[in-house]
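Both complexes below contain subunit A, partnered by subunit B and then by subunit C.
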Partner chain A sequence: MTEPAATVPAAEPAVGARSAWRTFFRQPSGLLAAAVLVVMVLLAVLAPLIADEPGGTSPDVLRSPSGGHLFGTDDLGQDIFAQVVWGTRTSLLIGVAASLIAIVLGTAIGLASAYFRRVDAVGTVVTDVMLALPTLPLMIMLAAIVNPSVWTLTVIIGVFAWPEVARLIRSQGLVVSAMPYIDGARVLGATGWRIVTREILPAVVPLIVVSVLLTASRAVISEAGLSFLGLGDPDAWSWGRILLNAQRSGVVAIAWWQTLFPSLAILLLVLAATVAGMRFNDIRDPRRNGA
Partner chain B sequence: MSRTFSGPARRWRVAVALGATAALGLSGCGLNEGNSSSGDSSGGGDVLRIGTTTDVSNFNPLQSLSKTDSWILNAMYPHLLRIDENAKKAPELAKEYTYEDGGKTAVFKLRDDFTWTDGKPVVAEDVKFSAESIMKYKLGNVAAKLTWVTSIEAPDPTTVKFHLSQPYAPFAEGVGFWMSIVPKHVFESAGDLSKFANDSDWVGAGPFVLESATKGQRYVMKRNEKYPLAPGGRPAVGKVEFRLYPDVNTMMLALRNGDIDLMGTPVPASAAKTFANDSKIKLTKVGALGFAHLTYNMTNKDLAKQEVRQALSMAIDTKSIISSVLQGDAQQMAGPISPIFADYDNTEIQPYPFDPAGAKAKLAAAGYSDGNGDGLFDGLDLGVACDQSNANLTRVVQLFRESAAQAGIKLTNECVERNTFLSRTKEGEYDIDASQWGVFDNPMDQLRSTYLSSNPGGINYNLLTSPEIDQLINDAAATTDPAAFATKIKNIDKVVHEQAYLTPLYVENFQFAYNASKFTGFVASPSDLLGMVTAYSLAQVKPVG
Partner chain C sequence: MARFVLNRVLKAVLTVWIAITATFFLLRLLPGDPTTLMVEGDMTPEMRAALLETYGLDRPLLEQYVSYLRELLHGNFGISFRQIQPVADILLDRLPWTLLLAGVAFLLTIAVGIPIGVSAAAHRGRWPDRLLQGFGIAGHALFVPSVAMLLLVWLGARLGWFPIGGAIDPDTRGLAAYLSLAHHLVLPVASLVLVQLGPYALTLRTNLIEVLGEDYIRAARARGLSARRRLWKHGLRNAILPALTLMGLQLGTLVGGAVLTETVFAYPGVGRLIYEAVGQRDYPVLQGAFIMLAITVVVANALTDLLYAVLNPRIRL
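Take a look at the complex of A and B:
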């Protein structure tokens, strides 16, 4: 094989699962990132208890942040804090669901390419083509054609996010499938399906976990981008939609709170997911552990 | 191995990336960073820089025009009539018009002092040529206004006679205001005018004529040294430069920073206070010639029922929409005739009151019921379509959805990206259309294009086919006596209101911001299409000091 060895020698996990998590939480950045993610999930789940669903109008138009309105109000007098909290629901939902679609597709194609040579020829070309496509303009086109809703957005984002996952899983799968125990399994008469699902898949699971986090954070950004361009679900609050409202109403220059808080929310979520993913990747790498 | 094609693959990727960058560059290079010096080189303070949001998509003034197109082309090609500050027709190229032959001949008397920039005078033959070309190639929205013309005569250089197949009361007003007059001696040699691009070597007779056009960046116009409607026979400003700012926030910042002197597009109501503490920036307020409305698709089985349409009209709180979304800067309407046409607006009819309980009762009486107890009538689920880029209407739809739920009506928000919205509107793929009429210059043309079953203007968004309404409109159209004509229009206003074919939302006021420390003398006309940038207004502008 001429494939370079992937960074992760995964066949024999260097660290046991439990101690891996312990290492993960011992690092302040990992702990912090996980804490932010948990808070975000709680916000999303408990949104109805934290704030009323934004709606209606009030005379308190474009108020800056204060005790009554933590994040200020928009040009209809709606509370930005409530919009950000409810926006967490949409953003997280789309992030997680789209990343699941991408992971399932990407893992299936990646593993199939890694083990079956004939599939590899086609799979690699398709992956390369997908990676070469300008995804944002394509997503914009698709989102403009279909009726915008949370589900169509999820599918569009998920369908465009799988190639990175497929490539990652394939390169890891190639390393694993060249290992002697795979040859052993084959000699014992195991079918291709069994080898892929029982032998190779478990070896790449840590990589899948990392991919879920990274893909989800990219999906959140895609969703915010599409919503900001007016291609989001007009009935669901999302962070991108708060930004769009500010831009459309021409209040970006006078109401900094309407753009700052949703942007911070996006930043926090993406940063936390990325850091968590990186830390998780690190602890599986014995060269980084030093222990 | 996979490596063998990594070379071509990379090249492909580079090509696609380049393509994508180029595409993004085309749309994104309109931000006008660091080009403030360009205007200053050509005569200091007498370049008027105007911000606009869109490119010119078409330089042929006889075709249908978008906003930027019409600003620039109206400054180049004269019209017979213009709309003044009070929404009345005022003379431009034509001094006056009269009807002869019982209303079957419209006669325009032209001024004799308009000149094309190549030195030739503007004559009646130019008017005749423009109208005949529009009829021959069916160009733009003016073609529908010339429907009744059987022949056109130019007996002398300052007289044009339109012979009509039947009297049509607002013929002269409609054609006079909408039709651009083009130079016959230039356009004649262009051949098929439906394909004529007219994108270089411009010859005009308005106050300014295009000098250069840079797509995505700017359009520079130089003054016409002989323009009789300017004080002193010549515009005081040497050049007008339209600059592209795709985003209104950026445009407002550019005005504050002194990069532009006037915003061609209105300042959003919510953003007006951006300029509150700026002593140099002044705001001018004008009325509208159109209005925002909810129009009901009559081919929908529920919306075909008068009770449902009336109930919907009672399920939207237009008063609170005006006070919140438009910050109080708009008027309420009852029927389809805007109060700006004071002579024709039927003041006896009242808007439907906001009364969710009443709406509920009306629907219950019409046979709708709530069997599953979810507070919404069963089987009544309507979509409201709107353009996502319209800040006000997206907010209206959001509030309408909430208030309609109180009346037991389930609405789905179908606000989509602009081009999708436009194509759906064209195809009739909507239940309720939330949109805004831009400019109606007279009520008769409005009623004809919005309610006639033959749909001559292409904007019968109700998809209404009612012999009764057709008869009322055609009867009014042929009425030449002004008093009887007004009575008939008022009657149609009332009938449409009772039928609730539409729910008028508001007539909005527009605010235009300009740098008063540098330029003064704008004459603002109503509507966001005309505003501060009409040919007449630009001809009156003077630099300060």
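Take a look at the complex of A and C:
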């Protein structure tokens, strides 16, 4: 068995919403992460108001960053700032949607494995196999065969991101299902379905919130990787696609701005989501507070 | 021990079999059949039927599956659409480069990660530790092509210290060839190690701190052993085994990273092949590359576990 080294707390303390938020914001990193995420969401939603959708060509080819073009221009004369802003939409959309698919699948499989012995035998094998395989080449193969679009990418990334979630939820679910109140519910005649959905699920919800953020950050990296390899939606801007354009046009060594700004965008978004996930984990497990 | 080895080998075979089976049926379930992927433009129904017959695609699915498995066992991965050549030959040409790149990155991550993890655990809460915590979290957010391109522009193009692409200078012979090989390897390996190192060292530190709280470490302290000796001799020895397994689990990510690094540096491995095959929509190559990389990762993972068993007396018994 290959269980994660992270310790999972045995019991969930009742934490009021207000003190939970206070814990989240107590460290400046929590506040900073939340601020970055809010700005990213605003950029994605308001993209059409901030910059024109990049397209066509202009004579301003390969300009370095200036007042007119904050992030410079590429070899077609398109504004990199506009590309990064519009790319935020794709990255966030795929990150969140793929993460939700993975969470639903992972939670269902993880909880079923934790409570039903027979499911566990199959579930653990499948999870271990999925974790052992190189996911990126697998996603590349499938993305190359279906028509790449935002939605097919979302499904492909979501469907291959669930094993980590399932493993996490299962290990926590095992702890919960060994508790006396679960035996109590069984004695009172509750069905397996009822116990899993009404008793165990609420106990792992805080862990699910943490995994949504961590899974979303992995999904953003996966999307950037697939787009970078030329498997992105040809009609949607994405950060990976900007990097691919730089690579294809052979301007990587000259136009540093074309690779730097989308790279910073990926770094910022994923870092913010990861840190926010860690701060939520602090709320979930007060023993880690201030550690 | 024999039983452990047998179990581990069976598990590896099972994993590869599931991967192959899942890809086979997944590809058949997707909309469209293989003929639409082979020929661009319009096909007459007769042409399509002839193609299906040539490739045995008109036979029942299960029969196709069995013959596919049989061919794979004989090392037949199909024929590349674009370079009319067996996929297996193309892959075997490229695989050594990926093994070299990923293997060096794997060993280097462990070799550099251990001292970093140990010194962070020894100076818990002070600056080496804080630095590692920051670096470890940032590691999850680093995108391999970003790091690779940064190194390429800065150390390759600007300073000219390292070549910006390829794996070897074809005009070199003997010792010079080895030096050229190493020289070309520096930047691709560095991109992978920079991404893997932080999270790896951070987990090692956490393991080590846990081990250092154990009774036998306190007993060692009571016996008057120095802090240095407790850490390096007693602590590390017990933390290093989980660290090895952990690196084994990272192999899938490492191979994914190699695909991206090879693309940036035009390194002639399986990853660059995948990038080229994506551009040409060469499906047999993509499928073969996935299976080949899956086998590589599973075998390497099994070897790591067997090494663990050799090093760990509790399993050796």
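To be clear about the criterion, the second predicted complex is superposed on the first by the 277 of 291 C-alpha atoms of A that agree within 3 Å, B and C clash if a C-alpha of one lies under 4 Å from a C-alpha of the other, contacts with A are read in each partner's own complex, and residues count from 1 in each chain.
Convention: a residue touches a chain if its C-beta (ideal position, glycine included) is under 8 Å from a C-beta of that chain, and two chains touch if they have at least 3 such contacts.
What you see is a predicted model; the values in this text were computed from it and never measured.
Once the complexes are laid over each other on subunit A, subunit B and subunit C cannot both fit and instead clash.
Contact with subunit C, but none with subunit B, is seen for A:Leu267 once the two complexes are overlaid on the shared chain.
With both structures placed on the common chain, the touch criterion links A:Val275 to subunit C but leaves subunit B unconnected. Of the two partner chains, subunit B is the only one that A:Pro234 touches; subunit C does not reach it.
Using the contact criterion defined above for the overlaid structures, shared-chain residue A:Ile145 touches subunit B and also reaches subunit C.
In the superposed pair of complexes, A:Ala224 makes contact with subunit C only, with no contact to subunit B. With both structures placed on the common chain, the touch criterion links A:Asp75 to subunit B but leaves subunit C unconnected. Look at A:Val252: by the touch rule set out above, it reaches both subunit B and subunit C. When the two structures are aligned on the shared chain, A:Leu93 is found in touch with neither subunit B nor subunit C.
After overlaying the two complexes on the shared chain, residue contacts for A:Thr57 are found with subunit B alone; subunit C is out of touch. Overlaid on A, the two complexes show subunit B and subunit C touching the same residues of subunit A, namely 2, 128, 131-134, 137, 144-145, 229-231, 247, 252-253. Residues 14-15, 18-19, 23, 26-27, 30-32, 37, 137-138, 140-146, 149-150, 152-153, 156-158, 164, 203, 206-207, 210, 242, 245-246, 249, 251-253, 255-256, 259-260, 263-264, 274-275, 277-279, 281, 283, 286-287, 289-290, 293-294, 297-298, 301 of subunit C touch subunit A in their complex. Per the touch definition, subunit A reaches subunit B in the complex via residues 2, 55-58, 61-62, 75-77, 120, 124, 128, 131-134, 137, 143-145, 147-148, 229-231, 234-235, 245, 247-254.
Residue ranges of subunit A in contact with subunit C, taken from their complex: 2, 5, 125-126, 128-129, 131-138, 140-142, 144-146, 217, 221, 224-225, 228-231, 240, 243, 246-247, 252-253, 256, 259-260, 262-263, 266-267, 270-271, 274-275, 278. Of all residues in subunit B, only 1-3, 9, 12-13, 16-17, 19-20, 23, 247-249, 252-253, 267-268, 270-271, 273-274, 320, 323-325, 327, 388-389, 391, 394-395, 397-399, 401-402, 412-420 touch subunit A in the complex they form.
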